[in-house]
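Look at the two complexes coming up: chain A is in both, with chain B in one and chain C in the other.
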Partner chain A sequence: MWFIKLIGKLKFTGFVCFFIFVIFFFGPLLNLLLLAFSGEWQYPDRLPSEWSLTWWTFVLQNDAIISSIWLSFLIATIVTLISLLICIPAAYAFARIQFPLRRFFLFSFLLTNAFPKMGLYVSIAVLFYQLNLMNTFVGIVLIHLINTLMYMTWIPSAAFENVHRSQEESARDVGASPLKVFWHITLPMAKPGIIVASVFTFLSSLNEAEGTFLVGIPDYRTMPVIMYSIIADYPSTAGSVFSVILTLPTILLLVAARKFVGAESFANGFKLK
Partner chain B sequence: MSRLLKGKVLGIGLVMPSFLTLLVLVAYPVMMSVRTSLQNRAGEWSWDNYRYIFTEPLISQNIRHTMFVTIISCFFVLIIAYGIALYLRFSTRFFSKLINKLYLIPMFIPGVIAVYGFINFYRNNGWVARLIGTDNMLPIIYHVRGLIMINVWFNIPFTTMLLLSALQGIPNSIIEGARDVGATKWQLFIRFILPLSYKTMLVAITFLFMGIIGSFTAPFLIDRNAPQMLGVSMQQHFSVFNEIGQSSSLAVFMFLLSSAVGCFYIWSNMKHSKKELS
Partner chain C sequence: MSIQLSVEGLSKIYQTGEGVRDISIEVAKGELVTLLGPSGCGKTTVLRSVGGFVDPSEGIIRIGDRDVTNVVPEKRPSAMVFQSYNLWPHMTVYDNLAFSLKLKKKKKSFITERVDWALNLVHLTGSEKKYPSELSGGQQQRIALARALLLEPEVLLLDEPFSALDAKLRHELREELREIQAEQNLTMLFVTHDQEEALSISDRIVVMNRGKIEQVAQPYEIYHKPASLFVAQFIGRMNFIKGYAQPDGIRIDQLIFPNERGLIGEVAVGIRPEDVKLSEGKPSIEAKVAKIMMLGHYVEVTLHTIFGQLKMFIDKNEINTVELGRIVHVTLTRIQSFQDSNENYLERNEAYATI
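On to the complex of A and B.
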């Protein structure tokens, strides 16, 4: 008898914990979703008294907002490609080649996280003024690269490391050139790690607000930057509509990459050797 | 011999593109910041800015506040994330599978939006207040409580992910073996699970600490006006008071704190890899 009670209790605690988990993590998001579709939601009401799509038409007809969406996606794509191009060689070198000061180079990427971001952006802004990069596309891409360097190097590096050397060696034995081995054996096998890092890079660029705000104003207003002004100037319904639009690509990309985005390939990147 | 040399050159050559980017975009601005922090308004070398941040009572209050928020947030994140990771690792129930699918999402929600949702949810006429009644509502927004809650919200996914992967790395055979010789759940945890995952906890603490201590958006929008987090205080010294030297010295101070934690991380990683080699 007591055993059944205990199981019941365990199930009950599990349920309560799950309930708290969902409320805490998704309550605020659900609230935004409701707000986005509400027409009228006066104070003491627990749910909106009227549903409407008014703010959706407003947001979707606003040219500045639409162009900010395109701009954000364009920047995120370019940042991801550039960051792949400059970081993958380094990731491979860290995983496979022994060279002097390897550890120093590897750990130096921690610097991007150690210095407070706001301080870094301010300092970069000073540098960009001297180089005439303020309010330019290049300037924004560069500032977005800062946040991606570490992930793009560490995570793929761990992925390369987990490819068995014996497979590369056997390909070499049958006469494949080193470049061919890399392209046909190593790279495909490290793909999950590289995809995770790319998704992460893409999303972090899509969501970057502080640096873009500092460097890109007034001509380059990405989605998160527009979000700042919407929070300040419009009622919370408009902000919510825009929040939903801004969050949608994130959720879609996560669902699409679900197969790859597991704890494993991500976390491996932080076990440095 | 020449092959070895070729390998070394190739290695450094491959690292160079990203390292040079790092040098120009991060290391150089950091050095500029350090230089600015050591100059007074006339451009002469001096310790004035540091004297200011360590003697001004408002700043020391801010430093205490920042340390308090950072340490408390790290503590809560670590405890909760560890709990979730343990649950996900050792339970195969329906809820566990569902949480496993959901817990990563907050990590990818844009910061501004999360804060915005938080404010609408918890402010004193927000949804929670409407559901449970305004009188039962503790002040959360514009209170340090809210800041700690949003830090927990932002950081749990990443930390859980790191810890979960460490726990998944513990072979089932170890756990079953210990159970067979009669270890209780508690002993199992203290003797096996904790020692086998504490290294990852250090990694998690490093990134938590660095992320929270320098944060800007959340404290700017959610915390009270005084005392401030150092990230907000730094921004204010720069753009409101136009004191570039002082804001740089604040940045450098935060950087030194983060570096101390970062060195700890590097040290523990190095120790780890030495063990593996022997």
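On to the complex of A and C.
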């Protein structure tokens, strides 16, 4: 074919692969977006036959939904701050101190992802009942922390490892105490990694549904939990409106942090050392 | 001259059994002393102990009149330049330099003035706003040096500061460092594994091997009168051949040399290539010219003799006096002899042959 000859076989294959990728990646998103703004959309039609903002007004005027949005953002913020407090010192320890079973402990942060989440949550729920943590704010935060510890330890730990010892030592040498060295040298140098980890943490908390559902019901309903019931109870349009709202902060955060969210920062976080 | 830095009986043994034992060094004010040795000889351990980054197991370190053995690095009147990764990449050159002054809460006008002074000293005026990543390796090391100088250290410590740079730049910076040192009357302890670097910049050299001091002397003496076989082998080029020591002298074939050290039996004899001379008269050594290499201002000639290979340096203008494959007669104007076991001697001879 003439156009294959024109651009070369390899390039053509690359182009096709890219095209397939784009369809797979953006297709569902586009469909979601169309659905969110459609009034009526029957099967054979390629596009909605009627456009409408009905479900947007429904979602945005429903108090339960609005409060769930606020709750989600509040929880995500608190979870991010707490994991920062817990994990930054841990990450620094993993990067700098050689202690027995260091790799084992670092690896253990992955374990929470190795089991089916629901099974894990159910067994945690048993524990939470005994501790009276069911249906509490603290309980939800704890459940979210289980998922975010991994990001917050692995990525900053790699970032700390990239700070050379002689860079810290020369700061000591010019008169900075260990605490000042950490504050003025080590922490700012590891900042990109920490920001990346914070973004992941925030988003993962924002999108967490299973654990929140189990622990928070009936009083604490976050966005993803509400979305489940909306998808179950209302037409699919309502669900897609909600999905768009849920996707929005993700996109905004990633764009804001794209300076730091390089493939390199991410890959560095998951190097086994 | 007053003693600015004194290290007394310093020992630091690591869990692996390596380390340094019983090191004593004194550095006078305004003196540049080099710690020289192969990698793993403990020279960096000594330097880091002085800087406060290694806790010595034993010994006392004094800077000026003060015992600083147990003082933390930030409180020591020393400044250190590391081999690499000296600078903080998230700060501009200005901030890198001003960091120590800001910690001391100096006035801004004072800081600017001092940073200007330091940058001028290392010939990098006007680079305040650059980030370290925008500088070349040599420039980065210069900034590191400037930052150390801003501390007005009583002792400046340098840990192979130029070893990551290419040869030409290394020479340039070496000269510059020597100039700054003389100008500011700095007391310096310099670590290197490069014997040429040590010979060229030091007032005195401390040669170390396996955690111990082999010799402390001025560069000329280190080269001219190496105190041990190790020093002889490590510093400069040296031929090693077997000799036989008797009370009346050391015999090499027909040649007899004075036995200054009173050695007995088989000895290792070291001869600098420039001390091998062509000779017509007797007694002399018969040698066959095996290789001729023009090396700029001198010529390296490889000779085969009955006791092995000999390297000889001759002036470039004398290149026509030797011819490949011809038999020549040489004499040795100066030798160094060392008592050493036969085994060791052979091992070292081989080591030399591979150079």
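We adopt the following convention: the second predicted complex is superposed on the first by the 260 of 273 C-alpha atoms of A that agree within 3 Å, B and C clash if a C-alpha of one lies under 4 Å from a C-alpha of the other, contacts with A are read in each partner's own complex, and residues count from 1 in each chain.
To be clear about the criterion, a residue touches a chain if its C-beta (ideal position, glycine included) is under 8 Å from a C-beta of that chain, and two chains touch if they have at least 3 such contacts.
The shown structure was predicted, so the numbers you read here are calculated from the model rather than taken from an experiment.
Overlay on chain A: chain B and chain C fit together in the combined arrangement. By the document's definition of touching, of the two partners only chain C reaches A:H184; chain B does not. When the two structures are aligned on the shared chain, A:V126 is found in touch with chain B, with no touch to chain C. By the document's definition of touching, of the two partners only chain B reaches A:R46; chain C does not. Counting the residues of chain A that each partner touches, chain B and chain C differ, and the larger count belongs to B.
By the touch criterion stated above, A:D233 is placed in contact with neither chain B nor chain C. Once chain A of one complex is fitted onto chain A of the other, the partner contacts of A:V174 are limited to chain C, with no touch recorded for chain B. Contacts of A:F15 after superposition: chain B is touched, whereas chain C is not reached.
Touch criterion not met for A:D63: it reaches neither chain B nor chain C. Think of it this way: put the two complexes on top of each other by chain A, and the tightest Cα contact between chain B and chain C is 8 Å. Remark: chain A residues 14-15, 17-18, 21-22, 24-29, 31-32, 34-35, 43-46, 85-87, 89-90, 92-94, 97-103, 105, 107-120, 122-124, 126-127, 142-143, 145-146, 149, 152-153, 203, 206-207, 209-210, 224, 227-228, 231, 236, 239-240, 243, 246-247, 250-251, 253-254, 261, 263-264, 266-268, 270-273 touch chain B in the complex.
In the complex of the two chains, the chain C residues touching chain A come out as 51-53, 72-75, 78-80, 82-90, 99-100, 103-104, 144, 147-148, 151. Interface of chain A with chain C (complex): residues 164, 166-167, 169-177, 180, 184-185, 188-189, 191. Taken together, the chain B residues at the contact with chain A in this complex read 7-12, 14-19, 21-22, 25-30, 32-33, 36, 84, 87, 91, 93, 95, 98-99, 102-106, 108-114, 116-118, 120-122, 125-128, 130-131, 153, 156, 160-162, 164-166, 168, 200, 203, 207, 210-211, 213-214, 216-217, 230-231, 234-235, 238, 244, 247-248, 250-252, 254-255, 258-259, 262, 265-266, 269-270, 272-273, 276.
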